[in-house]
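Note that subunit A is present in both complexes that follow, paired respectively with subunit B and with subunit C.
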Partner chain A sequence: MIRVLVRVVIAVAMLVLASLIFTLAPNDEQTQAPVEIPISIGETGTGRNIEVTVHNIRLAEVVEADGYTPWTGTTPGVWIVVDATMSNVVNSTLPSGFLTFDGLTYFASTRPDSESLVGARLTPGIPTTGTVLFEVPLDVIQTSEPVKITFAASSDLRLDSAIVLSERLDELEIEPAILLEGPETGG
Partner chain B sequence: MGLVARLLDTVSTRHWILLAGAVLLAITGLFGGLATVEKEPVVLPVLPIGEEHVGAQFGVAVHSVELMDVAPAYTFEADEGNEYLVVSITLTNNFVVSTTDIDEAISLEGLKLPKIDRTVLLSDSTPLPQAHPGLPIDVALVWQVPRGSVADKETVQVSIMEASLQTEPDLLFGDYWYDPVPVAHVDLTAHRVPAVGDSE
Partner chain C sequence: MTAWLRKNRWYFVAIAVLGPLAVLAAMSTDWFGYEQRVNGRPILVAEGDNVDFAGAEWSLDNSFVVSAESQAGRSADLPKNTELVVASVRINPSGVGDVSPSCTIHLKDRDGQRTWDTALGIDVTIDEGASSFCDSTRLDSYLLQVLFLVPEGAGEGSRLIIETAEEAPELLSIAL
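Now for the complex of A and B:
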């Protein structure tokens, strides 16, 4: 009888220990998280394969491009226009960008197509200057909480560098329209 | 304690398993046993045209079903013998991250359609548009169908779908939606949009 009870106690103890280890062990999100490099406006952040300088952030009701294919972007929300310079460090990639706020994630807009920096292939060592657009509801910019804007060399951020800018947007004026200047390499 | 000890010592594992099975059967008996039960047919609500169904993944309002020779954001006609079937909806992403999986929002189950050709943002013809959290967009979902498979003025039932959310701490794929099922219908009349230069 005692032996049976001892076995039961040992089994229960092992189950409790296994649950504890399972709970405390870092998950994929923790073991594969990107290495974040914080920057502020005007400052350059250099990661493993991307270098980013954010020059300015503007807000607009409408965004236009008059490049090879003219485009007018209307939105029920507001455009966040990020003027930046990017380059790769190691090898050429298509960069990615996303904005997070209050648990929500907004990917950089693909609507401007090649007029956006995230639609442009970067080159190692040769900076490309242009804009990255985010389309968000008005309440994202009407709060005193900063939004977090992240840029990476590609859309796979696992164990790679991420250049991160945190910025309040509620004091910026919303411009009626902004004309995009397409990505300029070497600028 | 003495009784429990005697039971543990005298009752074999085989009998414990049989006892557990008997208890399980007795419990299932309370709910009708293990016999196959006919599933009650689910009657889904039929929404008026343009009324939004609000789900956890998407809010969807269905506006129109049209037959076209050249669909929005296309500059060329469909393949020989085909035409485009275009469903226009207003979609709001109610989830927490931008997505391009807009084609999961509706289904035309009765038509046995091939794979969807493309989704298009109506305001500027952007293909494969992103739906950002909290921002409603007007989009067209475009199928290429054999000409005549849907007639002008035919009633088409559009099903609004809801998927289940799989949450897993995966940095690359994150949470995702799977197994969409219909939750509401909208009945619409298909209209043929005359081709440019068509005298009719």
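Now for the complex of A and C:
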């Protein structure tokens, strides 16, 4: 009788252990999540195929570009202007950038076309300096919660690395207009 | 319990050996497939070699490096701390099927760690009659001339990689 009881207890324990492992095991999203490399302003982060330095963050009501594709960008919200230097590490890609706040994701604006750093093709070992723009509602910058800005070598972040900057924006002043300088290669 | 373990010891040994072997065998096909997708099967081409590949004869005509600090580099407005690798490849289509091979072209550094695409928007005049891409309409012998903007010093010992859809995973790896 005791031997039967022991076997039942062992069987139940193994079932509990199996369900625990099944519950705790990472799902596909977790196993394929990018390796995040945190940086602060002025610091360089190097991932598998992207190296990023964020020099400055500014806010603006209007952004203007007078380079190859002149453009004036107005918005009912606000522009977050990120001055950065990026390069690839192993092969050439079009980088991606997005901002996350309060469960929402704002992708880097493509409205400035080639005047944005995320519209520029990067090159391994050759830095490109420029700006990345995020067009966001005012409440994103009016909170003391930091926003999370992520840069990656491409739009597919699975099993790759991502450079991540967390920054509070509520102490920055909103400038009436900012003139963009198009991406500049070399340095 | 000890007697039970002793009685079944060969089964445990079999599991310990065959388990990892089964995992390795199952993963090896994926590994070889992955390795081939990443690196391909390079056909190494040295200077002066003529190689038949993808229905044409290929040979390196010449290659040189232009430093950003040189007169030519300043004229081309090359970015600081960069150099331009210029490679010319003679392509002689065999004429079979009235087609000339299309291809994709990259440059790999000496260690094979970094890869560059052909450079766009560089103010350099290529040889008259040369093509900047594999021109599938050219059935006669022609010169393919490609430019790569790389960090200073990266051009030395680099290799030109030429791939075609038909011959993949085989590819040409031409020493510059």
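The criterion applied here is as follows: the second predicted complex is superposed on the first by the 161 of 187 C-alpha atoms of A that agree within 3 Å, B and C clash if a C-alpha of one lies under 4 Å from a C-alpha of the other, contacts with A are read in each partner's own complex, and residues count from 1 in each chain.
Methods note: a residue touches a chain if its C-beta (ideal position, glycine included) is under 8 Å from a C-beta of that chain, and two chains touch if they have at least 3 such contacts.
Note that the coordinates shown come from a computational prediction; the quantities given were computed from them, not determined experimentally.
Trainee: Please indicate which partner A:Val4 is in contact with in the superposed arrangement: first for subunit B, second for subunit C, both, or neither.
Mentor: So A:Val4 only meets subunit B here.
Trainee: Thinking of the overlay built on chain A, is A:Glu173 touched by subunit B (first), by subunit C (second), by both, or by neither?
Mentor: Neither partner.
Trainee: Under the stated touch criterion, which partner chain does A:Asp156 make contact with: subunit B (first), subunit C (second), both, or neither?
Mentor: The first partner, subunit B, only.
Trainee: A:Ser109 contacts which: subunit B (first), subunit C (second), both, neither?
Mentor: first
Trainee: Of the two partners subunit B and subunit C, which one touches more residues belonging to subunit A?
Mentor: After superposition, B is the partner touching more of subunit A.
Trainee: Please indicate which partner A:Glu135 is in contact with in the superposed arrangement: first for subunit B, second for subunit C, both, or neither.
Mentor: first
Trainee: Now for A:Thr75: first (subunit B), second (subunit C), both, or neither, which partner does it touch?
Mentor: The answer is first: A:Thr75 touches subunit B but not subunit C.
Trainee: Could you please specify the touching residues of subunit A with respect to subunit B in the complex?
Mentor: Residues 1, 4, 27-29, 32-33, 71-77, 98, 103-107, 109-111, 113, 135-137, 139, 156-158.
Trainee: Give every residue of subunit A touching subunit C within the complex, in rising order.
Mentor: Contact set of subunit A toward subunit C: 89-92, 121, 123-126, 184-187.
Trainee: So in the complex, which bits of subunit B are touching subunit A?
Mentor: Those residues of subunit B that touch subunit A are 5, 8-9, 96-98, 121, 123-124, 126, 128-130, 132-137, 169-172.
Trainee: With touch defined as at the start, can you tell me which subunit C residues reach subunit A in the complex?
Mentor: Where subunit C meets subunit A, its residues are 68, 78-82, 113-117, 149-151, 154.
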